[in-house]
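There are two complexes below, and they share subunit A, which is joined by subunit B in the first and by subunit C in the second.
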Partner chain A sequence: MRIGIVGIGFTEFGIHKEPFYNLAFTAAKRALDDAGIERREVDSFILGGYDNLGVGRTISNMYTAPAAGAYLRHEIRVSDDALFALPLAYMRLRHRSDVTMLLAFGHSSETPIELVELQSLDPFFHRPLNLTLPAFFAMQSYAYRSRYDVDDEKLAEVVVRMREKGSKSSLAFLRDKVKVEDVLNSEIVSYPLRKLEMAEWCDGCVALILAEETVAKRIADEIVWLDGVGWSVENYYFDREFHRLPFVTKSAEMAFKMAKKERRDVEALEICDLTVDYHCMILEALGFAEEGGGWDYNGDVNSSGGALCTNAYGSTGVFLLANLAMRIRKGEIDCGLAQSMSGYAQKSCVAILEG
Partner chain B sequence: MEVKEFEVWWKIPFKHSAGLHATKFFEGLKEGKILGVRCEKCGRVLVPPRAFCERCHTETSEWVEVSDEGVVKTLTVTYMKFTGLPDPPYAVGVVKLDGADTGMLCFLGGIDLSDWRKVHETFKPGTRVKAVWKEEREGKITDIEYFRPLD
Partner chain C sequence: MRVAVVGFGQTPFRTKRKDKTHPELAFEAVNAALEHAGLELKDIEAVAYGSMDPFDGIYCPERWDSTACGLEKPIMKISTGGTTGMTTALAAYEHVASGLFDLVMAVCVQRVGECVDAQPVLNTAVDPIYERYSGLGAIHVASFQATAYMAKYNATEEDLAWVSVKDHKNALKNPYAHIKMDVSVDDVLNSRVVCSPLKLLECCPRSDGAAAVIFASEDLARKIRDNPAWVVAETTISDSYYLGDRLSFAEWDSLAIAGRRLFRDAGIENPGKDIDVAELYSPFTIQEILELEALGFAEKGMGKEFAREGVTFMDGDIPTNPSGGVLCTNPIGATGLVRFGEAALQVMGEAENQVDGAEVALSHAWGGTLQFHTLAVLSSKKKLG
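Presenting the complex of A and B:
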């Protein structure tokens, strides 16, 4: 039995005045409309997004479940980047669900996420030392650049390429092109990371309608099949090498094995480049570039502009996946891979899609 | 119509149990000692200490004192001001102490942090460092004020 995506609904990605549950409602309605089905035809709701203080309500699905349409229905959530809800949606569909909605919510604009995420760290060893997300990301950047002697200009060129792609996407949050000198002259946030080398927070929701094969074929003509999904988690404490991401490799291995596919089958990638260094490190960990050579990758990566252009913290992974699915649906590509990371770059999820 | 906004602050007290392993570690800091635990299976010395080795999934029991000198694995210096966090600049790094097999997060200091170029001349992966202890210690990770470069 295969599982397919038959409906996709995006909100605009930006800084919204409307609260996250109203955006969630909009995405859910658009996905239902896109699939051409009614809410009553969805028998399972899976919600994904950071269930912390990012939206100031610690059990945020209390608000997003009704917005998705789960009023007195079967609902469960994953408190993480929403791509990590995809395995749960897949498993639900393999076990007596005909149609499942995956709703991804991200709303970063109401609070300083750096301060919120600091509270996710232990209160004994790491939190007292003010290890913000940018500081942690920067420590990985430092290790990566130092290990491979990667030139700042080469990394800036990657940012320029991604922003160029973002400028062509009507869904992207940051659509202004930048030049190499803009990147290199942008403010140092946490050395060596500059402002334009990092993803910027925004708000936005995405909903997907997924269905098991028989039902999917009844609902839609253009189905995007979920062939494989994999995920992996790194240690919390620092016994890791900072210049590479082995948990990304593990998550990809799991997804490829399930999909019975090879890297050469994948025509396009959407990866969660929360920093320009992660862009390179993820390509390397996925096996699409040599170690230290991710900046030179000239394949089809992040046509959406990636996280560097759109990072609604919590829905980013599904935003990337949905962009990939749209391309498959349009016939631009047959097979693609989407990847996301969460929290302090400790976890990775990979999905392989096919038309 | 302008959408109304409500400004809200959270202030919630917690009393977190550090557990026996962290407690022993913090008591050691008071005496100017850094303690780790050895995993009986893989032999690695884990700092900060914990009740089990994550890699082997076995309990740890043998306590080991490690040096307050070590080598920087990676670092960063924060220059942007974030709400609720100290005024920049401040530097943190992961230091592998002599006698330990894992890295420990710590402040780095003892030099002018205002210019990242100069910081980079002193601190980089591979730089040897030594702990600078607070005179009055209270059994917290911040009893180590920072790690300074070793001449």
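Presenting the complex of A and C:
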């Protein structure tokens, strides 16, 4: 049994003043329109997005479930980056659903995310350190750059390339091109990370309509198949090797095994590069670049501009996946891989798509 | 793919579990479930984790608690309000039912004792412009239900009090229950009014604790234990957001719709006859009455008679909440999983307060502002009918 994507709906990504459930409705409606089906034809709704501190409301699916159209339907929310909801949608479809909507929502402008993420640290050992997310990201950047002696200019070139791609995407949040000097001269947020080397928070929603194979073929002619999903978690405590991301490797292994694919089958990648160093480390962890050589990867990565251009806390992973799916649908590529991660670089989810 | 529960573990529930950190509480429940199933942590392939973060003073606690649930396993965080425990169970169940995994654990942890009061936290769930300033929380919507039901069906405060008497009596036999006291109808009626017409002994406590349930595929289940609890049917339902959009507070129509779907899938024609025991999510006395009616155990307006006439007591026709229910123990995000686990124990024949010969059990949770329901039928038989 195969599971396919038959409808995709995006909102604009930016800082929105209207409530997050209005955006959720827009994405859901656009996905239904794209699939050419009615709400009543969707039997299951799987939502992905954070809770109170992430979007300003406790039990956030109280708002997004009705917005998705889940009225009197089956609905469950995965409280994480929404790509982690994809495995649940996939399993639901394999088990008993014909058509499932996956709604990804993110509205980080409602809350100070760095402060929010700080509350995820245990109150005894880590929280008193005031180790904010940028500070932690910087620790990994420092470890990575030191370990492999990576030149700041080479990393800045990666940012320039990603922003160039973002400038060509009508969906991206940050669409201004930057130069190497701009990156190197941008303010240090937490040493050695500079402002332009990091993703910037924004708001936005994405909805996907997924269907079981036989149903999918009745709904759409151009189906993007979800061949494999994998997800994994890293040790919570920081006794890790900061210069690499083994949990990303593990999630990819699971997805590749399920998809029965090799890395050489994958033509394009969409990865959750919350920092330029993560861009390199993820490519390395996924097995597409040598350790320490991610900056030099010249393959097809983050055509959307990646998280460095669009990072709506909660929906980023599905934003990346949906961009990949759009390219497959247009026939630009046959097979691609999308990856996301969450927390203090602790959890990773990988999906492999095929036309 | 048929799926069965092969292990259930829970911690004792208390106002504050100061003796344990968050992951230590998870570890206690996980270990209890593993011991019950005769398994080791390395046997578990994936984890579904549930919690309602705002109560606990820690955001995304699954990150910290993953240290207790098995590092490096695929872990999925579920949060859906009061239904969290049950939806976490269903998420874990989907892992196995889909054929992707053979052995998966659902873990729920909650420390409501970390917050000053649960109701202000729940108030942050409602609309900040129209509803939040009214102070709306779970107890208020339950009082709307009680007022509407009493007015429509001439129910008395004594009718509601009997539900409390029954649940407290049951909790005395449950070593894990939070509130253990023998109460009379007079005790209930004389306890202070918390939110009219609901009185203190008609309202749940807020509890710290954790629960874990282990699901296995058909082939593995029989190898693990002789008496697995088979998941016969499950469903969830999501209603509109605004409380004012409910058709009536005197009936719970969304639960009735979900129940109808559930029983159709399970092959249950007469819930009152076909179901031996029910673990319902009734943090307030009125809700058990509404649930019994919505689920077809009682005719509309007749649920009020059930506790008073002993129907829902242990020796009645429909023993309801033999664990003592949510009225005596409410670790909010874990409560649904406790209902599910207790229902599983009943059909395994291993519950602390066992209903004799129970073969079919119903498990339920509700969440949001009367917005969500999750239901499951468990049985000692793979299939009913």
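As a working rule, the second predicted complex is superposed on the first by the 354 of 355 C-alpha atoms of A that agree within 3 Å, B and C clash if a C-alpha of one lies under 4 Å from a C-alpha of the other, contacts with A are read in each partner's own complex, and residues count from 1 in each chain.
As a convention for this text, contacts are C-beta pairs under 8 Å (C-beta built on N, C-alpha and C of every residue); 3 or more make two chains touch, one makes a residue touch a chain.
Computed from a prediction, not measured in an experiment: that's the story for all the values here.
Engineer: Under the stated touch criterion, which partner chain does A:114 make contact with: subunit B (first), subunit C (second), both, or neither?
Structural biologist: In the superposed model, A:114 contacts subunit B only, not subunit C.
Engineer: For A:227, using the defined touch cut-off, is the partner it touches subunit B, subunit C, both, or neither? Pick first, second, both or neither.
Structural biologist: It touches nothing on subunit B or subunit C.
Engineer: Please work out whether A:242 is in contact with subunit B alone, subunit C alone, both, or neither, and reply first, second, both or neither.
Structural biologist: Only subunit B; A:242 stays clear of subunit C.
Engineer: Is A:34 touching anything from subunit B or subunit C once the two structures are fitted on A? First, second, both or neither.
Structural biologist: After superposing on A, A:34 lies clear of both subunit B and subunit C.
Engineer: So in the superposed three-chain picture, is A:191 touching just subunit B, just subunit C, both, or none of them (first/second/both/neither)?
Structural biologist: first
Engineer: Counting only touches as set out at the top, which of subunit B and subunit C does A:123 meet: first, second, both, neither?
Structural biologist: both
Engineer: May I ask you to decide whether A:135 touches subunit B, subunit C, both, or neither, giving the answer as first, second, both or neither?
Structural biologist: A:135 contacts subunit B only, not subunit C.
Engineer: May I ask you to name which of subunit B and subunit C touches more residues of subunit A?
Structural biologist: Counting contacted residues of subunit A, the larger count belongs to C.
Engineer: Could you say whether A:146 touches subunit B, subunit C, both of them, or neither, answering first, second, both or neither?
Structural biologist: first
Engineer: Would you tell me the residues on subunit A in contact with subunit B in one complex that are also in contact with subunit C in the other?
Structural biologist: 53, 56, 123-124, 235-237.
Engineer: Quick check: in the complex, which residue numbers of subunit A touch subunit C?
Structural biologist: 45, 50-53, 56-59, 61-63, 65-66, 70-80, 84, 87-88, 90-92, 94-96, 116-117, 119-124, 230-237, 247, 250-251, 254, 258, 343-344, 346-347
Engineer: Over in the complex, which subunit C residues touch subunit A? Could you list them?
Structural biologist: Against subunit A, the touching part of subunit C is residues 1, 21-22, 52-54, 57-61, 63-64, 66-67, 71-81, 87, 90-91, 94-95, 97-100, 121-122, 124-126, 128, 235-241, 254, 257, 367-369, 371-372.
Engineer: Which of the residues in subunit B end up touching subunit A in this complex?
Structural biologist: Going by the criterion above, the answer is residues 3, 8, 10, 14, 16, 18, 22, 26, 44, 46, 48, 50, 54-55, 73-80, 82-86, 90, 92-94, 101-107, 116, 119-120, 124-125, 140-142.
Engineer: Subunit B touches which residues of subunit A in the complex?
Structural biologist: Checking each residue of subunit A against subunit B gives 17-18, 53, 56, 112, 114-115, 118, 123-126, 128-132, 134-135, 138-143, 146-147, 187-193, 195, 235-239, 242.
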